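Working notes, beginning with the structure itself.
For clarity, chains are labelled A, B, C, D and E in written order, and residue numbers in each chain start from 1.
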Amino acid sequence: MSLDAMPPAAGAAPAPAGSGSRALLKVEDLQVLFPIYKGLLRRQVGSVRAVDGLSFEVRKGETLGLVGESGCGKSTTGRAILRLTDITGGRVELDGVDVAALEGGELRRMRRRMQMIFQDPHASLNPRMTVASIIAEPLDEHMALGRKARQARVGELMDAVGLREDFASRYPHEFSGGQRQRIGIARALALDPDFIVCDEPIAALDVSIQAQVVNLLEDLQKKLGLTYLFISHDLSMVRHLASRVAVMYLGKIVELATREQLYASPRHPYTQALLSAVPSPDPAREASRERVILTGDVPSPANPPSGCRFRTRCPVAQPRCAAEVPEFRKLEDGRQVACHFAE
Amino acid sequence: ERGADGQVNIIYWQAVSILNPYLSGGTKDVEGASLVLEPLARYDETGTMVPWLVEEIPTVENGGVSEDLMSITWKLKPGLKWSDGSDVTAADAVFTADYCMDETGGCQQVANYADVASVEAVDDLTIKITFTVPKPVPYGPFVGAQSPILQAAQFADCKGAKAPECTDANFGPIGTGPYVVAEFKPNDVVVYEANPHYREADKPAFGSVLLKGGGDAVSAARSVMETGEFDYAWNMQVEPEILAQMEARGIGKVISAYGTSVERFEVNMTNPDPDLGDLRSTVEGGPHPFLTDPKVTRALSMAIDREILVEAGYGAAGQVTCNVLPAPDLFNSTANDWCKTPDVDGANALLDEAGWVVGSDGVREKDGVKLSLLYQTSTNSVRQGTQALIKQMWQEIGVETELRNISGSVFFGGDPSSPDTFQKLYADVEMFTNNFDGTDPEKYMANWRCSEIPSPKNNWLGGNNPRFCSEEYDALVQTLAGTAKIEERAEIAKQLNDMLMESGAIIPLIHRGRVAAMANTIEGHAMNPWDSELWDIASWSRAK
Amino acid sequence: MPLADGAPLSRAPAADPAGEAPVLEVDRLEVVFDTRGGAVHAINGVSFSVRPGELLGVVGESGSGKSVTMMSALDLLPSPPARRTGGAIRYQGRDVSSMGPKALRKLRGGDIGFVFQDPMTSLNPVFTVGYQICEPLRAHLGLSRKQARKRAAELLAMVGIPSPEARLDDYPHQFSGGMRQRVMVAIALSCEPRVIIADEPTTALDVTIQAQILDLVRDLRHRTGAAIVWVTHDLGVIAGIADRVAVMYAGQIVEEAPVAAIFAGPRHPYAAALLETIPDVEGERPERLTTIPGQPPILRAPPAACAFAPRCAHAFDRCHAQNPPLADDGTGHKAACWLRPETVAAAEAGEGAR
Amino acid sequence: MLTYTIRRLAFAVPTLLVISFLIFGILDLAPSDPTAQLPLTIPPEVREKIRLSLGLGDPFIVRYFKWLVQFMVNEPLNILEQWTGWTIGDGERLRVLSWQTRSPVVDLIVQRMPQTLWVVGMSYVVGIVIAIPIGVISAYRQYSWFDQFGTLFSMVGFSIPTFFTGLLFIVIFSVTLGWLPSIYDTTLVVEDWDSFVAQVKQMIMPTMVLGLYNASQLSRFMRASVLDNLNQDYVRTARAKGMTEKVVLLIHVLRNSMIPVVTVIALNLPQVFGGAIITEQIFRVNGLGQLLIGAIEGGDIPTVQTLTFIFAVLIVVFNLIADVLYGILDPRIRYD
Amino acid sequence: MTDAAAVRPDADAAAAADAAAAKRRHSSPWRDVWAQFSSHRGALAGAAVFAFMLLVVLVGPFIHDVDPQKLDIRAKNQFMSWEHPLGTDNLGRDMLAQVMAGGQVSLAVGVTAMLLSVLLGTAIGVTAGFSRRLDGPMMRLTDLFLALPLLPLLLVIIMLFRDTLRQAFGPESGIFILIVFVIGITSWMQTARIVRGDVLALKEREFVLAARSVGAPGRRIITRHILPNVLSPIMVSATLGVANAIITESALSFLGLGFPSDFPTWGRLLYDGANFMTLTPDRVIWPGLAISLTVLSVNYIGDGLRDALDPRIRGR
């Protein structure tokens, strides 16, 4: 079944029909600043602008890819949406509820609906807990299940992610990376969430195992109608998995488009550079490929460049870029780009 | 010849804090100062008063003491010089008395100046002290190491409230003694050098003295008798077998002499029951449930084998005694000598007779009251040994004992808020040593008058820890104060002693001597229990 | 030391490496780890060689023994638990294991440079970058402090770090990941080694940074003519820079061939599967990603059968009974699989038996 | 870093005031009494007078503020006068006077400082000098006989109290062999070779006794820290650069391993100034530890208060020093 | 889903042989812990020595049934003999009986006081490390306790609590509680500092974040995720704590805070015996040996336990 021609989310066959266009998550002008304190009185002298005015939506049942260089604020975005860091400004709406405004018990109840899969399958599992207790932790927190029911649910979850049930009393270190990531996924699924933030779930895995995990995520989405925010810097995986892709640079989204649009004809110079840097597993193509070489490193998010944040490394930068912040605008084909020169 | 024998090293395991005996009554401080500061007269090793800075001891016979016992006149030896070369005059003595009697100065020897009306310098060498009451024994001021003469010139600006601020003077007094202070590190070490103006030209033989402090008694003994680093160590409260082993090395020896110190039980005549709250161990709280019965206390005393206590903890430093007043000989009663031989059967019989029957747990009881005692003392390994021994001895007569030891700084410190002071006596019996200065027991025996009972009213001040109260005893003390003849005084003192023994308020255990360790090479020292141990340091010398 | 004046450093033209004698040869290497759970046979008869100016790519699944092989080339394995049970490593014909400590030290850092996988932890956090670059310069080349510093600055400039003089006094944490990896490269290059071993040097880096490093290496290789062994599991990287590729599985090399040949037609099922698993940013997007089912084995004993057999779709009886030798088909394309006629032939000829 | 330091110091002031108040409160509550050391022959009324003359009649708060003024204002002024030779005011300032010696406590402390620093400080140095190689070698050769022996040594060293080792040393080296003096001579002035030898001789036993005790603890820390670092990637890098094992171990590993150990050392350094009560007693070093214990036993509240307060200041300051040191040793850490 | 299903059996095929073993191995986590513990040679030896000492101390008095407090002044300072296997002290008390009786007290005090101090230190360290708000106050409290003059503090404690406790629990248990309390509250600071440092690092770890993301409240994060992972430094503190408590107990008796003076403990025996070192060396050798052996064995047990409780090591 080829999805290429169809609108992406609708193609996910068993997902509830008609839900394709409804926005499950709406992020408006999200801002996360980490304050920098200095001086005798610990006055705040500035802040790391980790996430600086993001707006996007994720539709029910779809996968939104979020890509960008290391340190551009991808993880912070994911954590902010789940309220794992404090939000400085903006709204995060999940199914109409403003998550940013929730506190205490309400937030805790909301956590049943939104979960996270972490980057490092080794670091995100407590080495002293058995697989069963790791997976059951969310159950213990939110549902008063009996011992039997709990055990049954853990078994069900392990089955769903392809782990044999008799591994339940093993410890994380006894598993391979891919299996560990499955444990993390099972934990995230335990409460039947609607929405899952996948924070680089495959970055730490071996290539052949990456494919297993990605396939698993896809299967689960189909079966359970999940909605993903898939954070990665592996552009080829994002291409495979996501229906729409957002490209971040230094705390801002520079381009947001459907997969086909983005990979076929990137509009933002940063997106272009990023795509051209991906090596291709084909010596012939690799030799002929034209590449946009970026120079220098990412500027510090504590002191971002004026105007367009990308201008310091941009091959097509003009004086205008330094003076004016490019608007995040919609082009006629529906994609959104933050560049003065894109059309 | 002066200075010919080099240095003598002395170790005091309690270090000297200050060299002004008026600002610290601690024995170590008084004795440290005694190398420099001297009194007019002092006691020799036999307890006899000997003239020191005077020609003779004033008495009624030689006219030095007035017939009405209201004044005493001392005559200084002529030609005495301070170590800075100036002359010693009667004015210095007058100043000294003023210095100590100044209310704001916190003088710690003020008891020596009790009842003094005035001190005058009749002439340069004559000092006259007048008393407010007749004094049969008028040898308080300027006698003994506690009451030496200070140089008026040095301390002129240090009177009253300023006394503590004169650190230089307090740390380096100018005196008439054989030594002057060369270096003083408080609570650590004093270095003395021979006084160039000392009145006897060929003394002292040692050019310098090092008086080191700190540590404990055993290691002090070791430094004299095992390593030979020191020549003399003071106050050897050490188990006898340890001393014996050290002595066997042949470098040093243990010397001792007996004064008036007695290790004793003071028996609580009032009720220490914690349930009484504030009335605990007060006369108002009522008598002790069983210790007021002389039969019980006598049985307790009879059960104790004092010889064993001596053997285990004291050796040459202790003798069995049955009196709280064991010395001088003239004052030693023989009426209580039954206690010298232990008699467990007799004690058992006595308790049976008094109606105390042995219960199932081996403890005697009567009317629901058990013969169970809380026995407290200060922390010190010999005392804890004694405690253990006595506990076992009492067990044999069906008395149960709980032992408690309390840090000396709490036990002997009179903090009224502490439950553990020896005055509060929140226990049934307590054990410690006491003695008196000089050779006259009048003040000492006056301790056990009814008025001296510590209680909340007097902020727990008072020397009558057993809370013993007898009008007869009080009257007898009064009589003693008015008696001048020494034989009569001795008789009265013995009677007082016997009354205490019979009542059971005090159970004497051991007559303790002063013990020191001394290198075999030191000569010319006579152990003196009545005055500073270093009283004769001017005549010490090293064997060639 | 003409590095400074930008003159080409090539000791040998990179043009035709095949004609020269190999600088580094690994010959039937076997390594065992003694763990609490018993011995682990991590490397089982790995052989390969590189010639000056050649870049050999080594790929393979995680745990297949890539790092262990490279480390044993410099005798860097912690021992215990590592134990070399067989084989030899020859640098310019000399056996590394029989070298004395002094010669070995000269080899390490002097003749063979090493770039490690994780740039975040491979630099000592408490010494300045300058100090760490100068260390081998002073030890191997005997430069004075001043000379070494000057040279270090040149090296930093060479790996493309702006204002190198100033950055010498910075600490590693003040560098970004890409810059740190460049520092590692600078250290590896510092003594003009004839061989550079790079163990997954870009795995932890971003694509854009990775692209920078790859460019740097391409450039260097042509300028210095050093032989390079490049370990990775990213076939895309290999496709871009390698001359030859060796594919490792379970402590053995299962296929070795010129890079174009292997991408054109992998001969070992594992290599084929590996090529299929990776998605691409271009071209057709597959419905599902291909996976290699199962996990690599933990070898408690040297493999008696083909180690890949349990995961292989084409496995037949012989695969479970006998370990195939690595055999050359005459074009320099070697594979170890019973499906290959040359393998069968080689086994029958009795050569290459492991 | 500087502002961080200043800020920490500024916050330390109220903390220390609270601590000083609490210490004073505890000392006041404690039942020790300044007259406890006097012979019982001194009658109770006189004792009471002595107590009053020491100011014990004043209410608690008054005494606390008196001390505070004396210590915080008068003593610093006095030191200033001594250093500069100026006269500030009429010079009639009441200093903190010890009850036992009636002399200024600060003078006593100054007098005690040298021997404490020499003996206890040196023992600390000895401890470090012994512990570091033991820790490093134990870790480097983990589970070797050396390592096992090191464990044995440190555990026995830790479980045997200094009063016992001190005595054992005296019995062996002073009594039996007669090599070393058992009593420390604080009047010894080092002016020539002989007196230097004498000084060294008298320091050997106390420093070793304490040093071994310190070493037994520190070597455990060191071992753990080196073990942590030996497996780090940068160690492998250093080897790959062709560094000798000596350089790898003594430069790369040691420097990193020292970071946590140095902070432990710094955190425990105030104890040097607190003196070593038992060891000082045994060898009669009569340093600050002996001063403190003597003052406590003698109920000498001004001395105890002043000493413990200085000790508290040192603890707070060394906490800060440890943090700052961490920042200096570990370039990754920045406090602002 | 089709090939995901296919993956599973295959994935496990490789580990098939392992799996059976795994099943056996994971039948009970405590059996695992024991299995790992007993494979640690040092730990086993430590446990054996400790058990032996416990046995001697608890059962010994029934075999060698001499009253440790019984004095026999005629038989003082004796060397080893059949009647007194470890000799006698200077009051003629049997040393073996004293060492055994003292062991009961010392071991009890050592272990309980250590537990208290470790509990306190851990609680304070974890609180300080976990809560940014409480960090300052808690660490200042630690400074305060480090700065407080111990002796006067102890004297105050005795004064305030001794009689109350004595009345409530009787003289011996009252004192026991007091001693344990005193040692506990004066020796937790080092533990607290170490634990705090570890917690600070630990709370930034991803699995703690993961626990927060499933909505686990702070207290559960502490008990499930933080505490088990700071076990290792706590173990070290605990080992040193036992030695410290045994020695401190003997020092306390000199303040009149300890047990009654005729109540033997190892620390006390060692202290009392020190002066008799040259006369009757056995008086110091045996209690000293007992203390050292206890500390050593506790150290090795701690090592073994730490390994046994760490599944990462256990699996290897």
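Quick note on the criterion: a contact is a pair of C-beta atoms (placed from the backbone, for glycine too) under 8 Å apart; a residue touches a chain by one contact, two chains touch by 3 or more.
These figures come from a predicted structure and were not determined experimentally.
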item: If a chain touches chain B and chain E alike, it appears here; value: D
item: Maximum inter-chain contact count - chain pair; value: B-D
item: Chain of greatest Cα-centre distance to chain A; value: B
item: Mean-CA-position distance for chain B and chain A (Å); value: 88
item: Centre-to-centre distance between chain E and chain A (centres being mean Cα positions), rounded to whole Å; value: 48
item: Centre-to-centre distance between chain D and chain A (centres being mean Cα positions), rounded to whole Å; value: 55
item: Whole-Å gap between the CA centroids of chain C and chain E; value: 50
item: Residue list for chain E, restricted to those that touch at least two other chains; value: 3, 7, 11, 155, 159, 275, 278
item: Junction residues of chain B - those touching two or more other chains; value: 407, 410-411, 417-418, 420
item: Contacts with 2+ other chains: residues of chain C; value: 288, 291, 295
item: Chain E partner contacts - residues on chain B that touch it in the complex; value: 218, 238-239, 241-242, 245, 274, 308, 311-312, 379, 381, 384-385, 387-389, 391-392, 402-407, 410-411, 417-420
item: Interfacial residue positions of chain D with respect to chain E in the complex; value: 15, 18-19, 22-23, 26-27, 29-32, 151-152, 155-156, 158-161, 163-164, 167-168, 171, 175, 217, 220, 224, 267, 270, 292-293, 296, 304, 307-308, 311-312, 315-316, 319
item: Interface residues, chain E side, partner chain A - complex; value: 1, 3-5, 7-8, 11-12, 19, 22-23, 26, 29, 205-207, 209-217, 220, 224-225, 228-229, 309-312, 314-315
item: Complex contacts: residues of chain B adjacent to chain D; value: 11, 14-15, 17-18, 20, 23-27, 103-106, 108-111, 163-165, 167, 170-171, 183, 185-189, 191, 210, 212-216, 219, 222-223, 226-227, 229-230, 407-415, 417-418, 420-421, 423, 432, 434-437, 443, 454, 459, 461-463
item: Residues of chain D that touch chain C when the two form their complex; value: 231-234, 236-244, 247, 252, 255-256, 259, 329-332
